[in-house]
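In the two assemblies presented below, chain A is common to both, partnered first by chain B and then by chain C.
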Partner chain A sequence: MSAIEILEGPLWKISAGIFVVFGLWRLAHILMTGRRRAKARPAGSPALGAVRTIFGHFLPSPTITHSSKTWFVTLMGYSFHLGLFALLLFAAPHVAFLKNQVLGFGWTPLPRWGFIVAAEFAFAGLLALWLRRMLDPVVRLISRPDDHIASGLTFLVMLTGCFALGEQSVVLRGIHLGLVELWLVYFPFSSLMHSFTWPLSRGLSGAMAGRRGTRA
Partner chain B sequence: MSSDTATGAGAQSGRKNRNFDVQRDLPDEVRLANAMDGFVAEFGPTAASYMNACVRCGLCAEACQFYLATGDEKYTPIHKIKPFEEAYNLTEGPFAWLYRAIGRAPELSIDELQDWEELIYDSCNMCGRCTLACPMGIDIAGLVQEARHGMYMAGLLPDRLAYIVSKAEKLHSPFGSPEDFRKTVRKVEKDYGVAMPIDREKADVLLTATAEELEHHPLAMATIARVLNHLGLDWTYSSEAFEATNFGYLSGNSELQGELTVRLIDKAREIGASMLIIPECGHAWGATRWEAARWYGAPVDDVRVRHIVEVLGEAVRDGKLKCEKVNESITYHDPCQQIRRGGLEWAPRAIIRELGMELRELDPHGVEAFCCGGGGGVLANERAAPLRQKVFENIKKPEVEATGAKHFATSCNICELTLGKDIKASGWDKQIESLIDLVGTHMITDEPPLRPGKPG
Partner chain C sequence: MSARRILSLILMLVFVAGAGLPGLAQEQPADNPRAATGGAQTLEEILARQRGEIGKIDLGIRTERPPAETPPITGPLGPRGNLPLSDFWDKLRGGDPLDVLKPASPEAAMTTTGEQWRLLRVNVLRKYLGWAPLAVIALLAVVYLVRGPMRISGGRSGRTIARFDLFQRVAHWFMASVFLFLGATGLLILLGRELLVPLIGKQANAILLTASMQGHNLFGPIFIFSLLWMFFKFVPGNLFKIVDIKWMLKLGGLFGGHVSSGRYNFGEKAWFWLVMLVGLVLSVTGIVMLFPWLVADIRWVQLSNVLHVMGGVALISVAFGHIYMGSVGMEGSLDAMTRGEVDENWAKEHHDLWYEEVRGTSDSVKEAAE
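Our next item is the complex of A and B:
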């Protein structure tokens, strides 16, 4: 079995398995932690509060729109995340991979120019936020090694993905795939899990505020 | 000061000149274990989801008045729980078993906890403004409350707060004994000529008071009594359960928090009251209205917990309480526990409308308003005064000045006391007024009007 076959076969299955099993474990652990406290008689709707906060926090809170940092983080955050999602779901090799290996159906991929634009947004956002993490005193103070590892791995996955776009080199594809697998293994143990925990934290705060007849 | 406290000496660590106090004689290892146990003791899915959601964006700092007023990054809200977060991940988090298996243990030290005492008690009002700002919706104020429980268990809280807690433990109120309470109420009753029933065996409403009101604010007590009489409510005080302020909640002493809350609810049930009225204090209301269910394991449906501002707001809204028109401008400070964390934004504004005053809102106001700086036990913590003053000078004072309003009022006696102290220290030509007092001095009744500082 060649290296690329190992990467595409057993290593892919192992890393995807770790991602799914430990990701689900982390979510289950959160949901099963301790005991649920009895709640006060509501003054408003917890469900509406949860929905409002889950969606409302996609925009910056008026409490912090006075700060240029807020707009920088928001714009760069959207640039990175939207660019990354576009690459993840619409890059031609990814669409082909999902069709052939996972879903059995596909969709129209991004044209090459679309890929380049999406990649530029994703790189600009990621690098700007990572740079801020190293330079801004507040973010530097609160950052953990995990935050840098997560940013670094994501950067390398994106970079090698760009190199492998043409699918002309098995080596480049193998490097990209290997880094994706490393990223998947690291994912459930890291802050990358915010991809799945954000609706929980927003929803629970929103439900608390909704119960009190206010907003979070 | 209680005899088992030692102030800021860093006695066990040898470090000096840091802002921390120590209570109880405990080995460092026990303090550390207690801190961690206390932090996670009440953890449920909500707190666990918060601990697994932070992306370290730092935007919570932009909402925190202590950071904004000083520019010091150590006041970043999420940073305030850092020692607990690391220990949680390694001992209680989803992968604690894995960390144990590879021999990775928490590096939390007693020095670190002592350093954090200032961040958890002196520079956090648990006002929840950071919760609004957090893109992930993490209720950092709630996590600080859990951290305070850990710090209390470790015997690491400000001495002044520890002293007040010890008084509340012994007497249920830092104000004093039931006899002290009865004497004070009788004096207010006599001075202001308002009937104030105490210890009736049966009543529909149990009214509570705060130590601050009892010591400094008789007019608010007289006003509340007069309004309840005017509304025809069948009410009483109880000398056995009068204190609304919950110093267990503020200090992190959960056991005391439960005892104080249960004392009020049980007394209301004992006298057959269906309503428990909390006076101006915001945290008192939050601890009773939103947390009482926690101690009974079920919602307290038979006793409705209401804040006095809610009662007054409803009375003016329903036309049951009328006031003389003041026809002057006013700006209003929103107490965070009543408004942002309590949902009562409408009530003070209804009262101001009834008073015929032109409301000039602070910027920001309502749920987005800045805290007074004294909430969450910070006012009781004397060593935090210089930091609190800085917050006032840089944030609240310019806000108020920008409105140009004649009156500056609020509906929380802790906010009023805090802002009053800060105004005095600032040498500012402004007075903070109580919205309750404004109602008391302008409500239309058949009785002689109440006058501030000059009983009717």
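Our next item is the complex of A and C:
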């Protein structure tokens, strides 16, 4: 069995399995942890507060929009996340891979130029945010090694994907796939889980604030 | 003329004729069926080949030249028609080697400038220019070994002054990261064939180069973004002033003596504008090479390639000087771009006018120990 066959076969199944099993386990753990029921009479609707916070926090709070840091993080954050989302799910090689190896069905991929533009935004956003993490004294202090590992691993996955864009070399595809598998294994145990936990986090904060009659 | 002399002349003619006749007889058209075709395969041979009778075909045409006596191919069925070879190539090749701006004729299959571009790339750019960054590194190593790092005269004071805000530093390192990546992949594309093939072989080099090319193409537009970002973050303070002339005339105090300077000295300003202008050239030429259909004439792409290589190598080379001065070459300078603060004594020594300005207008000086 060649290296690429191992990467596309057993290693892919193992890493995808770890990603799914431990990702679900972490989500279940968060949902089942529970918290003490508040005894005070609610001053507002927790559900409304949760919904308002989940959707309202897509834009920065008006109280901090005067700060250039706010706009920097917002714009670069969207640039990275939307770019990554687009190239992860709508790049033609990824759609083909998901169709052939995972789901059995596919969908219309982005044209090549659209994929390239998405990658440009994703790279620029990630690089800018990672640099800010390293250079802003406050953010640097509150950053853990996990944050840097998650950023670095994501960057490497994207970079090797970019290297393999020509689809001319099995070696480059193998390197990219190997890093994707490492990323999948690391994912459930790291801050990368915020991809799935952000609605829970926002929802809880919003519900608590809504119950108190305030906004999160 | 005596009878003896006439007889000897006759004998000589007979001898010469007898010696030459066998050779002439071998080359008679009647004995060589290909003589009529100029050495090309005859109709019979072609039909035999089509019938699969390979063994009966003489394939000598592929390696042997036609006999010297073969009549020249001037008929309409010849490979060149009636054209002499020189005219044939003239028709095929367009453009004037002495006037590169003169457009090639529309029917030209290849341009003269294309060959010139190839020769320039192979014999000059790749052969000599690509080594410039290594030469600069060697020079800087010598400077470091001979002179050592420039120390802060009075040592560190322990008090710092804010020099660059967060976004200036992020913009700087953003551009630095992208530039270093583009520089490395660009040099690999330029020199990989000469430098790496002997070390890692053709296959590994091909993999490395295809990766480099994809990476280089994808990060190019990000460099344009970083260039714009840098411009707007750093252009205040980088306009030239009278004090810069003094700095330039004293070569920045390279040979001793103090030279006054504002927030940025002449060297820093020159580097800023070099990055902006050469960066602009790299951006435009890069776009032309990425999207060659934007220009109607292929020679713009060739010119873009040459300018891109020259500008890139020049910027990479000077960047090593910038990296040297910003790190090991000058004590305390790296702090400006990592922490955003510099030591007071460093500021007094290298940017005294800026230091006085800051001291007089703000209270940003603080104890480093805090």
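As a convention for this text, the second predicted complex is superposed on the first by the 211 of 216 C-alpha atoms of A that agree within 3 Å, B and C clash if a C-alpha of one lies under 4 Å from a C-alpha of the other, contacts with A are read in each partner's own complex, and residues count from 1 in each chain.
Everything below uses one rule, namely that a residue touches a chain if its C-beta (ideal position, glycine included) is under 8 Å from a C-beta of that chain, and two chains touch if they have at least 3 such contacts.
Keep in mind it's a predicted model, so treat the numbers as computed, not measured.
Steric overlap between chain B and chain C is absent once the structures are superposed on chain A; the two fit side by side. In the overlay built on the shared chain, the residue A:L131 is in contact with chain C alone; chain B does not reach it.
Of the two partner chains placed by superposition, only chain C is touched by A:A164; chain B is not.
Remark: in the superposition on chain A the angle formed at chain A by the CA centres of chain B and chain C amounts to 130 degrees, rounded in steps of 10.
After overlaying the two complexes on the shared chain, residue contacts for A:A119 are found with chain C alone; chain B is out of touch. When the two complexes are overlaid on their common chain A, residue A:F189 makes contact with chain B while staying clear of chain C.
Taking chain B and chain C in turn and counting the residues of chain A each one touches, the greater count comes from B. Of the two partner chains, chain B and chain C are each touched by A:K69. In the overlay built on the shared chain, the residue A:L172 is in contact with chain C alone; chain B does not reach it.
When the two structures are aligned on their common chain, the gap between the nearest CA atoms of chain B and chain C comes to 10 Å. Common to the chain B and chain C contact sets on chain A are residues 69, 136-137. Note for the complex: chain B touches chain A at residues 40, 42-50, 52-59, 61-63, 67, 73-74, 76, 78-79, 82, 93-95, 98, 128-129, 131-139, 289-294, 296-301, 339-345, 364, 367-368.
Contact residues of chain C toward chain A in the complex are 166-167, 169-170, 173-174, 177-178, 206-207, 210-211, 213-215, 218-219, 221-222, 225, 338-340.
Chain A makes touch with chain C in their complex at residues 68-69, 72, 116, 119-120, 123-124, 127-128, 131-132, 134-137, 159, 162-166, 168-169, 171-172. Remark: chain A residues 22, 25-26, 29-41, 43-44, 53-54, 57, 60-64, 66-67, 69-70, 73, 77, 133, 136-144, 147, 189, 191, 193-194, 197-198, 200-206, 208, 211-216 touch chain B in the complex.
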